[in-house]
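Both of the next two complexes hold chain A, though its partner changes from chain B to chain C.
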Partner chain A sequence: MTRRTLTLLCILALALCWPWLPDYTVTVFSYIALYSLVAAGLVMLTGIGGMTSFGQAAFVALGAYSTAWVCTSPVATSALAEVVAPALLPWLGLALGLLLTFVVAWALGAITLKLSGHYLPLCTIAWGLSLYYLFGNLDFLGGQTGITGLPALTVGGLSLASPRALGPLIWAVLLLALWALHNLLDSREGRAVRALKSGRVMAESMGVDTARYRTKVFVLAALLAALSGWLYAHLQRFVNPTPFNINIGIEYLFMAVVGGSGHLWALCWAPR
Partner chain B sequence: MGAVLGATLITLVKEQLQDILPKLLGTSGNFEVIVFGLLMLFVLQRFAEGLWPTLARVSSRFLKPEPAPRVAAPAPLATRSLPARGRLLLEADRVTKRFGGLVANDAVAMNLKAGEVHALIGPNGAGKSTFFNMISGVDDPSEGEVRLLGEPMTGKPSREFAARGLGRTFQHVRLLGNRSVLDNVALGAHQRGHRGWIASMLRLDRAEEAALLAEARRQIERCGLGAFADSPAASLALGQQRVVEIARALAGQPAALLLDEPAAGLRHLEKQALAELLSQLRAEGLGILVVEHDMEFVMNLADRITVLEFGAVIAEGTPAEVQANPRVLDAYLGGSEEPVVAEAVA
Partner chain C sequence: MDSQIALLLGQDGIVNGAVYGLMALALVLVFSVTRVIFIPQGELVAYGALSMAALNTGKVPATLWLLVALAATTLVFEAWRWKRGATVDWKSTAVWALVFPALACLLVLGLHPASLALQAVTVLVLIAPLGPLIYRLAYRPLADASVLILLIVSVALHGVLVGLGLLFFGAEGSRTPAFSEARFDIAGVAVSGQSLVVVGVAIVLVLLMFVFFERSIVGKALRATAMNRVGARLMGIPTDLSGDLSFALAALIGAVSGLLIAPITTVYYDTGFLIGLKGFVAAIVGGLGSYPIALLGALLVGQLEAFSSFWASAFKEVLVFALIIPVLWWRSLNSRHVEDEE
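So, the complex of A and B:
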């Protein structure tokens, strides 16, 4: 048996017993996949790219709040009511979340990723905290009480209201993301990302634009976090600032470090 | 799967702790945070790399290794037409570098032509490393100018130097130790591919990737390390790692090759093999600049030698001319410094 077949067997086993798992287990498994999505981004950023971030929870919040706002705020729903069907609103929320995260992460990355040593992690704590307080203090986002009444996702007329129905989608997204990240690491661009960790001089001498690659990895990790936030919002159907505070940001980093921050996936561990 | 493993463990442990701890202690509160912190300390102490490598090691006893992936037909790579023999590749035009009041390089002028081996020598602290940094784009001169194939390079990053055909190695080997030699060398060919992140994620880059790896393997074999292509770079001897760096520079198809002490740490036979490789590259029309301490190696190989002392050029010429130059003899024999010991950072 190879590593690949073992991985596939585990996924198959999870898929087969999914309908018979207790409700509680299903919820826990859904959360595991949501956290894994963020942690996978952090593995790319911290374990492979060599940049530590405590602030990923803020990007999860961006993803979650974007869709919550698009789906529930009177301004957005009334403006969009004539253009799109209500069932499509969450998808617009996803698009907005990814776009916002892209812009914010690129801007933050361009400014803070030049910092080296301890300054970068400290800086990520700073903007992680400030985004958290921002979400808690914006009235149109519900302040500390948050936003309730998010619609469930529907795919092809099928409502994904319960964790048992949404879980497979979350896992599918996670597995797809892991597959894509694994492919990325096994390529020319992946080699350039790995080279970032060993210092700028070497990578630059090989022709790698290190500043640009650092920003790109950072944006990639942020987008994965936002994706997780979007799924989270439609799993909970409720969003408030608490799950995005700096403790959770630290926990995400722990996940990446405990699991093995240089190791995204069984297949990419095996030396070629 | 490290990410998934970590997320699973942390989620499950947290859930359990939140249930058990209040019962155990008799009061409610966020005690799990404390236990969590202690657990984290333990894990980071015992498994600094995370749990995944340990798991992978244990599982490798009963898991078979992956079969070699199917290799796509390689796509043609971008190739550079090398400049004609004798053409000026690299010119340092009265390059001066000051650090505060210290003048590390004082109006150093030298050049490198296609099809020659040019050696840069000098006692410790002569300013060789500073000069090397400036001609490879790591640092900018305070005065004067470095030109690469006629193009002024002041203010340009070293990746521009690489793009214009300069390959280099490092005095202190800079390889990714846990990646294979092949992977390390393929990094040198980075600029010869162009497929982006999305294409890589969707595996649309396989033809280009196959070509890059084939090119890397060819350079490794040419440098005589074919048997080690799939070993982790850190498992090689230091001298061999220096040769891996040369292979990595060659994978970028450079016109000019800058080698920072390539013979340091090599055994006698390895030095001979290296000299043969460099002669062969010279015959192919590359210009090679060598900063080196091994006089025997330099004198047998170089076409021209430039001698630095106290940041200034004191002699330039063929090995015979330089050996007969009284100022060189004075610098090496008259001074208190040993010419053959490892160089301090100038």
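So, the complex of A and C:
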């Protein structure tokens, strides 16, 4: 039995017993998938790209807060009420979250990634903290109390309010992301990314613009984190700054490291 | 805002900046000698402050037991290494794992220090050997690992030490009596004696460090190790001992900073992390390599913190940590070459 069939069998087994699992287990599995999504980005960043980030939780927060703001704030909902149906608001939130994360990650990456290795991890701790305090102090984001009453996702008229209904979507997103990352690593671009870790001078001499690829991988990892944040916000239906503080950011990195930061699949059984 | 408030805030900023400056010095020292980004530096500050508070109330600070435990573990570890055929420098091991812990036990349990000065000395004896002991147990076995792995060890160690701090000192914060109750009136601005003590001690420590690194043979050996480890070893400098020494200095500076801030702010078990990180922001201004620029950076961080707590107190931490972004941007403008990571 190859690893591929084993993985497929595990996924199949999980899918088959999903309706009969107790509620608690369903929630835990949903969280595992959410954390794995962030950790997958970190594996790309740390294990394969050779960069370290303690600040992924901040990108998760960007994703979660964007959708929370779009779906609940009076300013956004009243402005968008005539343009889109309420059921589509979370998707606008996703778009805003990804856009914001892209801009922030690209800007941060452009500044820090050109410098040598140890600046990036320190810098990520600093802006991880900075964003955490920012979310805790902005009144229109609810401050430390956070934002309540996020709507549930609806897909094709089907409401995904309970973890049991949303879980399959989270897992589908995770598996799709892993599959896409796997394919990416097998491509020409992916080989360039893998060359980043083992020595930048060698990669540069082969015509790989390392600074550019480092920024790309960094943005990719940030986008995965934002996606996880969006799913988290609609799973929890409540957002506050606590789950995005620097300790959680450190935990995300530890998940990736414990799972063996060089392999994409390893992370599925690392978290929790 | 009038000039009175500006002067007051400026004074506040200088006092905070002095403490961050000490942090930055310790971090730059440890990083340049051992390539360890010593995140637990902040915890040593909290340990120093809280041990002082415990001594003040007549209790035995639990850091003593931590010191004894670490010393015993180090002895066992070194004996195990010696048995496996590694060369062990027993002289330095005895200093850190026997002499200092014994002295600390004697001071805390035997002498029950009552005066503020003696208590301060006791805290220094308690905290300073923690540095080299932590180095020997956590970092030295990995001395050849990459900066990244050492950093991850640091983060893990930070988690362990914060947890132990909560166990030792509880969740309540502590404050200690000021070293000086005096108040001065300089050009219409009230200056407390304690802030003069902070700035004075910081300046003295910086000058001592300067003399140590510029004039003494040990300091020069440390600098040589920081510059080129292999070269230093070829010149007969025992580079393994330089790790001990730089961690001892860092822990000493941490303990002194803890003593200095304990009368100014209430210190909790997890206060140290933020103080240490602000030291990092200052150290990064200097590129983790330059002492004078790191000190300037520390003053900048202190002033920024003081003034932002006046104008936008809710966003104080946001502004201080966001400072790192323009700093790095400015640094990235000056670095054009591609660096290979070890």
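By definition in this document, the second predicted complex is superposed on the first by the 264 of 272 C-alpha atoms of A that agree within 3 Å, B and C clash if a C-alpha of one lies under 4 Å from a C-alpha of the other, contacts with A are read in each partner's own complex, and residues count from 1 in each chain.
As a convention for this text, a residue touches a chain if its C-beta (ideal position, glycine included) is under 8 Å from a C-beta of that chain, and two chains touch if they have at least 3 such contacts.
The structure displayed is predicted, hence computed values, not measured ones.
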{"item": "Chain A as common anchor, with chain B and chain C clashing or fitting", "value": "fit"}
{"item": "Partner chain(s) touched by A:257 [first = chain B, second = chain C, both, neither]", "value": "both"}
{"item": "First (chain B), second (chain C), both or neither touched by A:212", "value": "neither"}
{"item": "Which of chain B and chain C A:192 touches, first, second, both or neither", "value": "first"}
{"item": "Which superposed partner A:3 touches (first chain B, second chain C, both, neither)", "value": "first"}
{"item": "Which of chain B and chain C A:40 touches, first, second, both or neither", "value": "first"}
{"item": "First, second, both or neither for A:178, with chain B first and chain C second", "value": "first"}
{"item": "Residue contacts on chain A - larger count, chain B or chain C", "value": "B"}
{"item": "Touched partner set for A:28, first chain B, second chain C, both or neither", "value": "first"}
{"item": "Which superposed partner A:201 touches (first chain B, second chain C, both, neither)", "value": "both"}
{"item": "Least Cα gap, in Å, left between chain B and chain C after the two complexes are fitted on chain A", "value": "5"}
{"item": "Intersection of the chain A residues that touch chain B with those that touch chain C", "value": "199, 201, 204, 254, 257"}
{"item": "Chain A to chain B touching residues, read off their complex", "value": "1-4, 6-7, 28, 31-33, 35-36, 38-40, 42-43, 47, 174, 178, 180-181, 183-184, 186-192, 194-195, 197-199, 201-202, 204-209, 216, 220, 251, 254-267, 269-272"}
{"item": "List of chain B residues in touch with chain A within their complex", "value": "1-12, 15, 40, 43-44, 47, 49-53, 56, 59, 62-67, 69, 136-138, 157-159, 161-163, 168, 170, 174-176, 178-180, 182-183, 186-191, 193, 195-197, 200-203, 205, 208-209, 212, 230, 232, 248, 252"}
{"item": "Touching residues on chain A, where the partner in the complex is chain C", "value": "50, 52, 54, 108, 111-112, 114-119, 121-123, 125-127, 129-131, 133-134, 137, 199-201, 204, 210-211, 247, 250, 253-254, 257"}
{"item": "Chain A-touching residues of chain C, taken from the complex the two chains share", "value": "31, 37, 146-148, 151-152, 155-156, 159, 274, 277, 280-281, 284, 288, 314-315, 317-318, 321-322, 324-325, 328-329, 331-332, 335, 338-341"}
